[in-house]
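Next, two complexes with subunit A in common: one pairs it with subunit B, the other with subunit C.
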Partner chain A sequence: DPQKTAFLLRKQWTLYSVTPLYRFSNAHLRDYARLLSAFIAAEKQKGLAGGGGAFKCFFSPSQLSSRSPASPKNSEEKLIWSGWFCCVSGDDLSENVAEDFTCLPLFLANGAECYTSIVGSWFQKTFDCCFRHLAISPLNLSWMAAMWTGCKVDKTTSAMELVFSVPCLPQPLDISYAIHPEDAKALWDTVQKTPGEITQEEVDVFMDCLYSHFHRHFKIHLSATKLVKVSTAIASAHCDGIIKFLQSQYLTGVLMLLTELAISQIQ
Partner chain B sequence: HLATSLPLPSERDHLRPRIDLIAFMIDIKSKYSLKNVEASLAHVDASFFLGKVCFLVTGVGRVNYCSVEMNAIWKLGEVYCSPVLFCELELEGIRVATAQRLVRMLQICAGHIPGVSALCFGSLMRNSADD
Partner chain C sequence: MDETVAEYIRRTVLKIPRDEIKTMLQKWGFLSETQLQTINFHQIKENISQDVVQLCEENSADIKQAAVLDIIYNHIYPNKRVWSVYQMNKTGEETEFFDLTDFKKKFKRRLRSALKNVTINFREYEDNAIWIRIAWGTPYTKPNQYKTSYVVYHSQTPYVFVSASVLKSNLPLLCQALVVASNYHDIREMELRSHSLNSLKDIVFKRYSQNFQTYCPRPLQERNVAPESADLRIIQENRHEKERIQRVNREVFGDGPQPQLEFAQYKLETMFKSDSKMDVLDKKEPFRCMVKFSSPHLLESLKSLAPAGMADAPLSPLLTCIPQKARNYFKIREKKSLFPGSFMKIIFKDHYRAWGRRDSWNIDVSKKFPSSFSGY
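Entry: the complex of A and B
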């Protein structure tokens, strides 16, 4: 669905891992919307959610994957917050879980943090699940850098950018390393042996080449710093668990990877 | 004695006491530290790998800062037949406990504990692998 997909692109989504939901049913989405609206209104009364205006919540099922977006809107019909559950190829988790549970391990939220925590606590209370921020380790970010560099893009738009945070300094220092996307792809093509398959060794070699190139010019060992952000034409990911989808073509692929990360955080 | 890498400078060779234990420190947050250790290992005499070498992995408290793959570390321990210890330097309790373990290992390696030698470390590791 191109309209729904366009809605997801070029927005900053904060990632959460969610444990299986108890007795969640697609048949009761209208009731959930009603209950969630009431909950948000109650929280607003307690002063826990800012902003004026009434709230409307709607849940909608999706055919692509088990996505159930929940979006409170204010009375002027401006979308102020949206969140959606996702599970792409999460068969491993679903198999090991009892029947009453629904597995939607990945949650993505866009909008004010206060709404995310309200919606999160409602889900946690109602379905006995647990939301946790999904952080992305430098190791996983390197995988994303290698994987996404290898993807074919129609028009070469943005450079590949890696951001590193330098530890143990009195003042924080970030190093931004931008690489021409064609050069990065050429490098990855020489490293990857089997198309469609990626090994840890290949990712290591790819990153090591980038690090040695940088060291040759600047005498700085990037391998001693922390990789905090990866930006490619496909998507950009930050170690705090923030993602931006940039290409609809690879949306499912990125979601599959994020689902995997969410599942490993849960287990 | 503390060093950032091996080999140690040869100028001070004659002043240096006997080395009984080498603990290689790998910071899980720094790929560079792993590369450094791998390069330094090449300068260690083979006789040390009979129980007088161990790997100390630090920074393991926070999984989300991981820049080094755990398999690479396990493989290192296997290839060099040396124990791998995990430690979180920022927590005092763990720091103290790890220091005590290392001192104990050092006593054994230096031959201060009668009846136990550094060779025992190697055979202990082999047994647990077979189990």
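Entry: the complex of A and C
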């Protein structure tokens, strides 16, 4: 669905892992919307959510069977927050889970943090699930860097950028290392041996090459610093669990990877 | 008093931290001491600024006087702006006597001949610094007091510090006016930029403590040092290495505080060279990268990398040369080998005494804009 895809692109989504939901049913979405609206209204009364005016929620069943978005809107139809559940190729998890449970391990939210926590608490209370921030480790970030660099993109305009942080110095230091996308891809193509398959060793060699090129010039060991952000033409990912989708054709692929990360955090 | 002037004064006062307002108004000198005493400086800033505007109304302030207050504010808080450095060149050798009145007259005349709608203010300070404030208009509109450029010129030097903020299109005109007014021949932008005006001055005027190669024999007490802890079983394994790192760091960075810069940017166009055994990327073209280092205090941060174990000591001359070369934008290309056929023959001279030796990379002066302006 191109409209829905366009909605997802170029926005900053914060990631959460969600344990299976107990007795969640697509048939009751209208009721859920009503209940969530009431809950949010009550929280606003308590002063836990900012902004005035009436509040309306709606849930919509997704076109793809594996996704069900939930998007509260305010009465003026201005979208102030949206979130959606996702499970792409998460069959392993669903298999091991009892019948009453629905597996939607990945949750993405865009908008004010206060709404995310309200929606999260409602889901947790209603379906006995658990939301947790999904952090992305430097190891996983380097996988993303390698994988996404290898993707073929029509217009290679964005550089492949790695951002490193060295916080524990007397004066913190941030290092942005951006490589021309064609050159990064050329390097990855010589490292990756089997098409369609990536090994940890290949990712390590790729990153080591980049680190040693950097070391040659600056005598700094990037491997001793913390990789906090990876940005390519496909998507950008931050270690705090923030993702931005930039290419619709690779959307599913990225979601698959994120679902995997969410599942491994739950287990 | 003009409404726009009143509003401008009000907004300028609001920028000032409350505890500093009285001092700044006194420095300004436009309101008398008696008038200042009528203001309650403990009320909220909105009210203070209203009171100030009221008094300025009584004194019929005009834009020129309001501009002076703005200069004073920026002189005390220069780090709110980003400053670039320009260097002017003269053909002759003699240092001419600097005539301030002449400078101001020529500057104004040159600027106004091209653009009538400008507000120009000057203010001199004790350290021979001339501060110039320019508010830019267009051929059809009055000067916009919120679109200002600042120039700091030390008349005894060929250096000019410019905070252009908006309207980069007016830079050529500004540069021309400076060259003409100061009797120089041309002007070029240096690849040096920072929020810290004083650090930029430290760098170009060489006021930071530079490293000097001094002969430092190994201190004798190294052998006779008392154990740090009473328990002789505890020793520092890497003490020699740690001391070497400290010593090398001191040689390279000097002993004193570093000038404060926020970033350094390197455009790399060097070849990729793999040290791994794997048959990796063997291209004849450069591996194009852009590296940017950022920190609240970049040089201190870089200095602490080797002691923290994250970098080798000495650090690369690409980083340590920043103050000496007075730049924080670099374009690095591979040094051309003597044998054009063999592109992979890359000559790297690791040098541990960077100062005074040629670098093994060609550091290009990438002149972005403007490249040079000739005066009359």
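The rule is short, and it goes like this: the second predicted complex is superposed on the first by the 265 of 267 C-alpha atoms of A that agree within 3 Å, B and C clash if a C-alpha of one lies under 4 Å from a C-alpha of the other, contacts with A are read in each partner's own complex, and residues count from 1 in each chain.
By our rule, a contact is a pair of C-beta atoms (placed from the backbone, for glycine too) under 8 Å apart; a residue touches a chain by one contact, two chains touch by 3 or more.
The shown structure was predicted, so the numbers you read here are calculated from the model rather than taken from an experiment.
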{"item": "Subunit B versus subunit C as contact partner of A:Ser176, first or second or both or neither", "value": "second"}
{"item": "Partner chain(s) touched by A:Pro167 [first = subunit B, second = subunit C, both, neither]", "value": "first"}
{"item": "Touched partner set for A:Leu139, first subunit B, second subunit C, both or neither", "value": "first"}
{"item": "Which superposed partner A:Gln200 touches (first subunit B, second subunit C, both, neither)", "value": "first"}
{"item": "Touched partner set for A:Arg23, first subunit B, second subunit C, both or neither", "value": "neither"}
{"item": "Touched partner set for A:Lys125, first subunit B, second subunit C, both or neither", "value": "neither"}
{"item": "First, second, both or neither for A:His221, with subunit B first and subunit C second", "value": "both"}
{"item": "Most subunit A residues touched (candidates subunit B, subunit C)", "value": "C"}
{"item": "Touched partner set for A:Lys11, first subunit B, second subunit C, both or neither", "value": "neither"}
{"item": "Contacts on subunit A seen with subunit B and repeated with subunit C across the two complexes", "value": "221, 224-225"}
{"item": "Complex contacts: residues of subunit C adjacent to subunit A", "value": "266, 268, 270, 272-276, 278-283, 285, 287-298, 300-302, 304-305, 308-312, 314-316, 318-319, 332, 348"}
{"item": "Interface residues, subunit A side, partner subunit C - complex", "value": "159, 166, 168-180, 183, 186-187, 190-191, 205, 208-209, 212-214, 216-221, 224-225"}
{"item": "Complex contacts: residues of subunit B adjacent to subunit A", "value": "29-33, 35, 63-69, 71"}
{"item": "Residue ranges of subunit A in contact with subunit B within the complex", "value": "135-139, 142, 167, 200, 204, 207, 211, 221, 223-227, 239"}
